[in-house]
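Structure first, then comments.
We just call them A, B and C in the order they show up, numbering each chain from 1.
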Amino acid sequence: MRICEGEGVTKYFGGLAAVIDVDFYVDQGEIVGLIGPNGAGKTTFFNLISGALAPTSGVILFKGDNITGLRPYQICRRRIARTFQLVKIFPDMTVFENVVLGSLFGSHNLRGSAQEEAMEQIRFVRLLEKKDMLARDLTVANQKRVEVARALATKPELLLLDELVAGLNPAEVDEIIALTKAIRDRGITVVMIEHVMKVIMNISDRIIVLHHGEKIAEGTPSQIASSKKVIEVYLGT
Amino acid sequence: MHAFGDHKKNLSQLALAILVVALLALVPACGSDYYVSLFISIFKYTVLTVSWATFCGPTGYMSLASAAFLGSGMYVTALLGDTLPLPLIVLIGGAASLLLALVAGLASLRIRGIFFAMFTLGLSEGVKGFINWWEISKTGRQGRLVISASGTTVFYTMLIILVMALLTSYLIRRSKFGLALRSIGQEQQAAEHIGINVNAVKLITFAATSFWIGATGSIIVTQWSYVDTQVAFSVFYSFMPTVMALFGGLGNMLGWILGSVVFTILSELLLTPFPYYYMLIFGIVIVSVFLFFPSGLVGLVTRWRKA
Amino acid sequence: MIVLEIVIGGLLTGGIYALLAAGFSLQYGVARVMNVSHGEFIMLGAMSTYSLYVALGVNPLVSLAIVGPVLFPIGFLLNKLLFQRIRKLAGSGDVFEGWSMLVSFGLLFIIQNIALLSWSADQRGYSFLAFPISLAGLRIPANRLVALAVALAIGFSFFLFLMRTSLGKAVRAAAQEETGAQLIGINIRWMHCLCFGFGASLAGLAGVLISTMFTVSPFIGLPYTIIAIIVVVLGGLGNIIGSLVGGLILGLVSSIVLHIEPSLELVSLYVLFMLILLIRPRGIFGK
């Protein structure tokens, strides 16, 4: 079943085309990888889905409803969550406060159940011992976990992960791979932007490739790995 | 956010607060006009400071609109003073202020830091100029006579307004609203993505805290028999809440209250011996605060405790 | 005829506004201080010129040469001793902007009250070149024409300074991109003090000109500060040339409103200000 799809999604910044006429779909329960060279428009694409930006033209549907141009908080309440390329945790709040904000405003209304939900997500990302630490005092890897826990606390059905693995060492990368799989096993559909090929090839069911704002390829990891177009784009001709 | 230890602390804090209010309520009975007047001043500046800081503290906005709110309340009384009962007028003063805040907030809360400060400064001066023009074209005069109320009436009304303002602030800060405000101040885009309607939260808080400023203006103007726009919308009221909150320590409510109380008493102490140099010394004090006590009184106390 | 009157009036007011705003723009654009006491330097220039004229018979045009150089070191030292220290204590740029604005508010109090103690609150005026001159069918007071000429001369010199001299280019560089400017060897702290000093001087010069045409008192500062803020936002925060252009535009608007409903002049400027902030906060030339 298609949980999210878009047609003709385009974004211009003045004269600069960041995303051009992209058609896409995401099936429920998939892990979709989104790759492309720097400046390909991947984060802009996420911004268009999450509501941070409104498309110049085109339509985005989620579970059949038109979500084009909605505000981010409305999109969150429809069960789409995301993380950010540059971590946007709330630095002067504890890990717990960061995550409970997600459950208080994104999914639950009562204090009690929101607190329980937050604790569960903190446990899930393995940050329980650090729950009362200020977010600014954590390592970047742990801050990313906080962001994931906070996003999960809003009980999303679709989770957009933006370069979760950037700057992590190999052991941390393996943990993220395991975490992503665990998220999918909970029934959450995942779309992830990544540069680290090991991660993308390893866990994606399908991959979409963007270049200069356009979708240039789409398919399974093995199809993408053998696509001449993709190889050209990454290695140059 | 955690269970039982909190309850005990809450109860003892509440008991202390009730005690303080009860003691304050006895002040007029001790018969000194000077002290009644002093406390009215303290109440007034505390309402201004706490209302300002409840919104601006966690979000990091610098609002200079307090003069607009206070002056609006004053002019409500000046215009309606002899046609309606006083309690109603105070409520209308608060409502006028709230309406102004809603309109101004809808227009300006989307814009960034320094621009918001300039917008609110422009608002205060603009409302002042507009009412001035309106007065001159309608009455030909710049100022206007106001109904009077006794010192005791003003005292108790201000005490009620103070308690309500503190209560409003406390409830906002301790609720999920307060947490949301802090998150907006720290990382607004992330806050919006976890389901917080950022514009609504900012607007409601900005407007709710302005209500008590307007009500304050409505009642304190009855202490003077005459008001004009220079006095009602003085730029002093735009900046002082910020200075006092910073002076006391921005982080918590006690700091704001401390800052306004100490600053008001300080200015009273300066006024009597130095009636001509008073404002000048005030300016020097403000500059010195930033040079020597940047983290405010509360910060100073914290450092003493640690040392 | 009316059009010519409005245009000349607009140029005159605009020339003064451009000077005020240029000074403010230097202080905010380079030193990053939102100096709410800027208008007080205008007031000091005006009041000193009045006293020099009335007590010593000094020609206001000569006062230009006195006020400018006297206010420059005052502005320079204020930045060096006060605002640099605040910058160190504040830590982040945003906190510094907020604190320096509040500190300048304290300065406003100090300067205004020193002036009140020295001169009292009364309005002061003097007569200088008050006879009318016929120009293109209009009768314009000579002092206004002289003030316009001087304002345009100072403004134009300042413009040339910014565009043609290496120091001027360094100032523009520092306003546009502070880190980049440092990387090419500009001593940024010294630049902050310099620009603050220039800003104070320009304000004082504007004050001298104002005193030749209008009555002045220790209270004229804040309305001029707000006008400076409006012009700077209109022209584009941080763009110094923009403030010169913005000043002329605002002068023209002011002149037009003056012909329609004189007492709404200031209010209309505030309304315009708020509209700019809402529709295009970066102004005409802003980034």
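One rule holds for everything that comes next: a residue touches a chain if its C-beta (ideal position, glycine included) is under 8 Å from a C-beta of that chain, and two chains touch if they have at least 3 such contacts.
It should be emphasised that the depicted structure is a prediction, and the values quoted were computed from it without experimental measurement.
> Based on mean C-alpha positions, which chain is nearest the centroid of every protein C-alpha shown?
The most central chain, going by mean C-alpha position, is B.
> Please state whether B-C or A-B has more C-beta contact pairs across its interface.
B-C
> Would you mind pulling out the distance in Å between where the CA atoms of subunit A average out and where those of subunit C do?
50
> Roughly how far is subunit B from subunit C, going centre to centre by Cα mean, in whole Å?
It comes to 32 Å between the two C-alpha centres.
> Can you give the whole-Å distance between the Cα centres of subunit A and subunit B?
So the centroids are 43 Å from each other.
> Which positions of subunit C touch subunit B when the two form their complex?
34, 82, 85-86, 89-90, 94, 97-99, 101-103, 105-114, 116-117, 222-223, 226, 229-230, 233, 237, 263-264, 266-267, 270-271, 273-274, 277-278, 281
> Taking the complex as given, what residues does subunit A use to touch subunit B?
Listed in rising order, the residues are 50-52, 71-73, 75-77, 81-82, 84, 88-93, 96-97, 100-102, 104-107, 111, 115, 147, 150-151, 153-154.
> Taking the complex as given, what residues does subunit B use to touch subunit A?
Spelled out, the residues of subunit B in touch with subunit A are 1, 176, 179-180, 182-183, 186-187, 189-198.
> Could you list, by residue number, the parts of subunit B that touch subunit C in their complex?
For this pair, the touching residues of subunit B are 60, 62, 107-108, 111-115, 117-119, 121-123, 125-126, 129-130, 133, 136-137, 235, 239, 242-243, 246, 276-277, 279-280, 282-287, 289-291, 294.
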